[in-house]
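The two complexes that follow have chain A in common; it is paired with chain B in the first and with chain C in the second.
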Partner chain A sequence: MTAPATGRRRLAGAGAVVRRRLLVAVPVLAATSMGMFALGAASPIDPAQQYAGAAAFTTSEENLAQIRANWGVDDPLPVQYARWIGNLLRGDLGWSTSRHEPVTSVLAARAGWTLLLVGTALALVLVASVLLGTLAAYRRGGWFDRALRSVAYAVQSMPVFWIGLAAIAVFALSLGWLPAGGLTDITATGTDPFDVARHLVLPVTVLAISQAPWFVLFVRDAVAESLRDDHVLAARARGLPGRVVLFGHALRTALLPFLTLVGTHLPELVGGAVLVETVFSLPGLGAVTVEAALGADFPLLAATTLATTVVVLTANLLTDLAYAAADPRVRLDD
Partner chain B sequence: MAIRIKPVRVAAVLAAALLAAAGCSSPTASTSGTDNAATLVVATAGEPDTLNPVLNYGVDGASLIFDGLVARDVRNELVPALARELPTVSADGKTVTARLREGVLFHDGSPLTAPDVVFTYQAVLDPAVDSTLRSDLDMLASVTAPDPATVVFTLKYAYAPFLQRLALGIVPAKAFAGQDVNKAAFNRKPVGTGPYRVTSWTPGDRLVLAANEKYWGGEPANSGVVVAFVADDNVRAQRMRAGEFDAAELAPKLASGFESRNGYRVHKVPTADYRGVMLPMGNPVTGDLAIRTALNAAVDRQAMVTGVLGGAGEPAFGPVPPTSPYADPSVAGEPAADTAAATAVLDAAGWKPGPDGIRVKDGRPAAFTLMYPATDSLRKELALAVTADAKKVGITVTPEGLTWDAITPRMKNDALIMGYGTPYDPDFVSYKLFSSAFAGQGFFNPGSYRSAVTDAALQKGRDSADPAARKAAYATFQQQLAADVPWVFLTYLQHTYVLKDTVTGVTPRVEPHEHDVANSVWWNVHTWTKKS
Partner chain C sequence: MTDLALPARVRRLRRTGSAGTMVAVVVLGGVVAAALLAPVLWPLDQSAVDLSRTRLAPSPEHLAGTDDLGRDVALRSLYGLRVSLLVGAVAALVAAVIGGVVGAVAGSVGGWVDRALMRVVDTVAALPHLLLGIFVVAMLRPGLGAVIASIALTHWLSTARIVRSELLSLRNRPFVDAAIAGGAGRVRVLTRHLLPHVLPRLALATTLMVPHAVWHETALSFLGLGLPPHLASIGNMINDGQRSLLTGAWWASIVPGLLLVTATLALAVLTGRWRDRLDPRVRAELQL
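And then the complex of A and B:
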């Protein structure tokens, strides 16, 4: 009954932590964006040639120079950076030279789908890995544990795109249960939520499966470890039922480092999402980011980099807050 | 207990928030209630960056959404489109007059008038507009509209194939009033006069087109077309196998899997897109005519077509495709390697085999570097094939895969696998590629090939209005190239498409290199029907 009150007390210093993290975030974001521009300056790729595509080989040098001048990409780096920051402060993320539209509309049209994919896959990974890992730990060395570990090692060694293509071959082509790709039926006239959900089953599952081994093995080891902890042994000695000991005592201790793992693993999940988006032809941020990098499209690249940095910083902050809420030894206010 | 379930609850809240966020940004829902049975679905790898012809969308016509003053028929011959008849050229070749077809409407219902044509071409010429087409319209001095149904182009110099440049789609001037052409909303939601109007475009996913019932060329035979953009070859093949598409462009090896499959057929469409080895004159080895002639004889083009291209290609012997009326059949050689001829040429020129089998002349070994763009697997395989063939006649080729920025500064001295080609007019690419005036200028004639005969022939082909004189000039040009061998032409590519048997009305025509929404096998999709 005292849990909510304790929770509130434990999060007492949260406001200060958030403020402190925000202060740190500003220089981190500034450094990230400057790094982006410095890399851009070092890149030998000519954005005008990339923009012209195949026409670059039949386009005269004056023509390309004129386009570069229109974009101001030949200006000195500090000038370009100052211009970009100035626009950013006015809420203008700039013009994407590879997509021919404002960066904000590229993000608006695509970030949602990537977030949906990553978010749902993450939720699935968390639930599945906690359940499976705990069960495996409970019967350590049993057939379920051994099978789970073998599968986890096998999956860990398979490239995401391979799992994706295999899933399409089985579930879309042989069995015909699910669509092979795209966001909606190809002739659909809108984005019906059920249609989208049906199309996301395979990509979400593939992304989740490809990311799960780490989490499953981690939970299994952590729970197995904590099953030998004093307080768990004590609980067992008091004659509490196995289920209560497992979920109430062992898993609870084991979950603490798991939170850190989630926070640090997020970038890898985003990386996997890029590949999954390609295999399942989803219009997410993955493909445009690759295109932006190849096309030296720095406004778009800077924006996606910043967005990713923000997501990672937020995830770390949430991890720390969750840690404080879950572990009585962690105090935010000291 | 409350604490224990927290991570799960956080994840659930997160997922819900994400769902809401994604819901807000769903792509534009369409309003069309078309009959799906008669909608055709085609899939391609290449997605246009914009749908504005001024910014390079479908500039050679067949763009489905727009029409040019002229269009091309199944043999790629010019036919009038928005122009009532083919535009007339003045005696000095410097004034071209087009009379507009009457009663043509844009998709928004407004009529097409001469100021729209003027606006389109002026936008291309405007330095503030990021158009790469300006390079193709070098000769255009001005364009005016003396009356609402007449457009007059004034050229800086007589340019025989000018009408070929009039396939560019015409955009409505009023859609751009007060707007920056580079950033106009039109570029993503265009309005044209073509057989289809744009219902929605979700970049990275698909372009939905609905039939334009008021199309001046007659109502399309189907109710609409969906173009799916699937960049990955394997994914496109799998989705074709799952039956999602009526037609898809596929790599030759993937397409061949459909040949034996019930309900599908494969079309191999010839193109004017060639690959060859550019041999720079500045390199002492490739600068020697004997080496170039020997290489030209030593390469096994037939083996490249079968092995590298999976049968989807033809041997190439010059920059004018065999399907062109300007092609000179006399330059075509043997598709297989002629090692004996190659060795004879080298022996006669004093390139004697050294102890290691590599030929040597005046102490210099017959060796050079052959660059190719590392990301292009086709060019890589061609480079390796050339290397193997050259070795058989005692020439050492060192293939080197590089990025374009590493290739560009070395083109004066090192050989390079290049690709070009257009089916429309022999002047288009070859004038800049083989004229001495363009020697050493970027990708135009990077090997600094110089021949007075070639220069004169290319100029005559550009200046002469008489088709017979042009044909003679381009025959001279092709023969001179065959004698000088500034390039070893290897193969013409074929584009391969898989179509469902239920689709009828498909009539492929020779394609240029670029083929995505525009100018693919579905160039005349408005006449296609589907049996359901």
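And then the complex of A and C:
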């Protein structure tokens, strides 16, 4: 088979994967949005009273009825749902009742910080877990392996916000090395990159540490497994140095399933980010979600949940494609 | 093979293995028993406010210090774990019932019903648990019922899958054929012949779900979206303790969390050991 032909076939396969994933993603999103809308409709909260706030007690019943009529909240549920979905598809995510601004502008202002937090933490986790996991697998049963696994199991038992509070108590309050929260110093006028970076050290590290055990243990087990594989034995038998065998042969085969793990673990990472942002008072999407929940702000909550779902589904698609690109045994078109 | 024939390293491994298991059993049993029996063992008022004794450091009198309202942190943590465990257990039970029903319907009816239900399971599994939980609580307004609903609606998936796959594997066994040949209807086969086989695994899955449920409740309570503030749960205490933490009284937040971490860790050690025993590959490695 010639090289270009293979390349074309792989690309065609990628198209099939995208189509198949979309076939799943659309019903998933439809079902999720319907479920959320049903919950929102079952909620005992009257949007008109919520909108009026304290004025609801003095506003006449006619005015409240007028607000309801304007918003169409008394229409049949399928009509309301169709209108909501239609607006979403046109890019109108609605009006946030807790922040009194359009949902799109809330998302635009906040999403960047959350992506920065999650992205940096994920990069840190990946690098650290590959290094530590491989070293542990190389001498499995050794002191490093045992220590690393014990620490990993211990960290797995710790809620991320508890680690965050402990980190604040030690590094911010006792030692005074790093700020306890916020994105910039209170006196700062703009967002100076160095100031932001200093404020993000603790949150990123805490989020990374809390997520690391899964990845470290996975890499350790996968590398330990592949060290017993035939091709690794063959490489050893040819007299290749241990370092080359470990990183060039064992780690490469072990890393493939790792991609899938990243995809399936993303929802956990998002949940962790919500908690970390709350602990460190960061102005990201997580913190705003909690605020919205306290104010029963359906448009904002629904938007953040749906947006996260889209991100997770996209990430799953990307890991599928990356998996196929990295592993010649996987054919996309079947 | 006798122990003497084994190399020293493996004998050491085996011994520390069982010692670790014993320690985990004792710690987990002790913490859970202390939490459940707290009202009997220490019939003191954990919510007694004493504003002359706020934020005292740990001392023999207050083993874990006092919080910003002068309440004893150690005692309140035990009561908090008790509340968290009870809420977690009830929520896990509700989740198991939902999952059990869905799994039983999917596994016994089969066909498009099975496919549709399993698609729902996959959908919910693809969503971020915590965000979904927050959404449920926000729409139902925070409170005990909302927390239980939030946990149940995000945690029923595993039991649905377990019950369904058990039913599918049982369906073609000879004793089921015999029951059908004996004239038993679909409902009778399900309730009298299939479910008794599924129940032990369902019970185990439900028990193992309790720590997850406790975690979910703790996270929601920490965010201020969980149990009402006057109920001492671990999450509420960690949330309350943040105020004290920033003034240097770290124990108000850290101690309740530490109690939960201790219990979870002991449970993780036990389940890990148990899994190692079941996994023939790991067992082989231990014996080599």
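Definition applied: the second predicted complex is superposed on the first by the 282 of 334 C-alpha atoms of A that agree within 3 Å, B and C clash if a C-alpha of one lies under 4 Å from a C-alpha of the other, contacts with A are read in each partner's own complex, and residues count from 1 in each chain.
Basically, a residue touches a chain if its C-beta (ideal position, glycine included) is under 8 Å from a C-beta of that chain, and two chains touch if they have at least 3 such contacts.
The shown structure was predicted, so the numbers you read here are calculated from the model rather than taken from an experiment.
**Student:** Thinking of the overlay built on chain A, is A:32 touched by chain B (first), by chain C (second), by both, or by neither?
**Tutor:** The second partner, chain C, only.
**Student:** Which of the two partners, first being chain B and second being chain C, lies in contact with A:88: first, second, both, or neither?
**Tutor:** Neither partner.
**Student:** A:173 in the overlay: touching chain B, chain C, both, or neither? Say first, second, both or neither.
**Tutor:** In the superposed model, A:173 contacts both chain B and chain C.
**Student:** Using the superposition on chain A described above, determine whether A:135 touches chain B (first), chain C (second), both, or neither.
**Tutor:** Touch partners of A:135: none, neither chain B nor chain C.
**Student:** Between chain B and chain C, which one contacts more residues of chain A in the superposed model?
**Tutor:** Comparing touch counts on chain A for chain B and chain C gives B.
**Student:** With the two structures laid over each other on chain A, which partner does A:151 touch: chain B (first), chain C (second), both, or neither?
**Tutor:** Once the two structures are laid over each other on A, A:151 reaches no partner at all.
**Student:** Is A:201 contacted by the first partner chain B, the second partner chain C, both or neither?
**Tutor:** Neither: A:201 stays clear of chain B and chain C.
**Student:** Which partner does A:261 contact after superposing on A: first (chain B), second (chain C), both, neither?
**Tutor:** Once the two structures are laid over each other on A, A:261 reaches no partner at all.
**Student:** A:275 contacts which: chain B (first), chain C (second), both, neither?
**Tutor:** second
**Student:** After lining up the shared chain so the two structures overlap, which partner does A:67 touch, if you call chain B first and chain C second: first, second, both or neither?
**Tutor:** First partner only, chain B.
**Student:** Looking at chain A, which of its residues have contacts with both chain B and chain C?
**Tutor:** Common to the two interfaces on chain A: residues 44-45, 165, 168-169, 173, 180, 278.
**Student:** Show me the residue ranges of chain C that touch chain A in the complex, using the header's touch definition.
**Tutor:** 119-120, 122-123, 126-132, 134-142, 215, 218-219, 222-225, 238, 241-242, 245-246, 248, 250, 253-254, 257, 260-261, 264-265, 268-269, 272
**Student:** Which residues of chain B touch chain A in their complex?
**Tutor:** Its residues touching chain A are 1-4, 6-8, 10-12, 14-15, 17-19, 21-27, 29-34, 36, 39, 41, 49-50, 55-56, 127-128, 130, 132-136, 138, 182-183, 187-188, 199, 202-206, 208, 226, 228-232, 234-235, 238-239, 241-242, 244-245, 403-406, 420, 428-429, 432, 441-443, 513-514.
**Student:** Going by the contact rule at the top, pick out the chain A residues touching chain C in the complex.
**Tutor:** 27-28, 31-32, 36, 39-40, 42-45, 153-154, 156-159, 161-162, 165-166, 168-169, 173, 180, 267-268, 270-271, 274-275, 278, 289-290, 292-294, 296-298, 301-302, 304-305, 308-309, 312-313, 316
**Student:** Which residues, counting only chain A, touch chain B once they are in their complex?
**Tutor:** These residues of chain A touch chain B: 3-4, 7, 44-46, 49, 51-61, 63-64, 66-67, 70-71, 95, 98-102, 108-113, 115-116, 118-120, 122-123, 126-127, 130, 165, 168-169, 172-173, 176, 179-183, 186-187, 189-191, 193, 247-248, 251-252, 255, 258-259, 262, 278-284, 287-288, 318, 322, 325-326.
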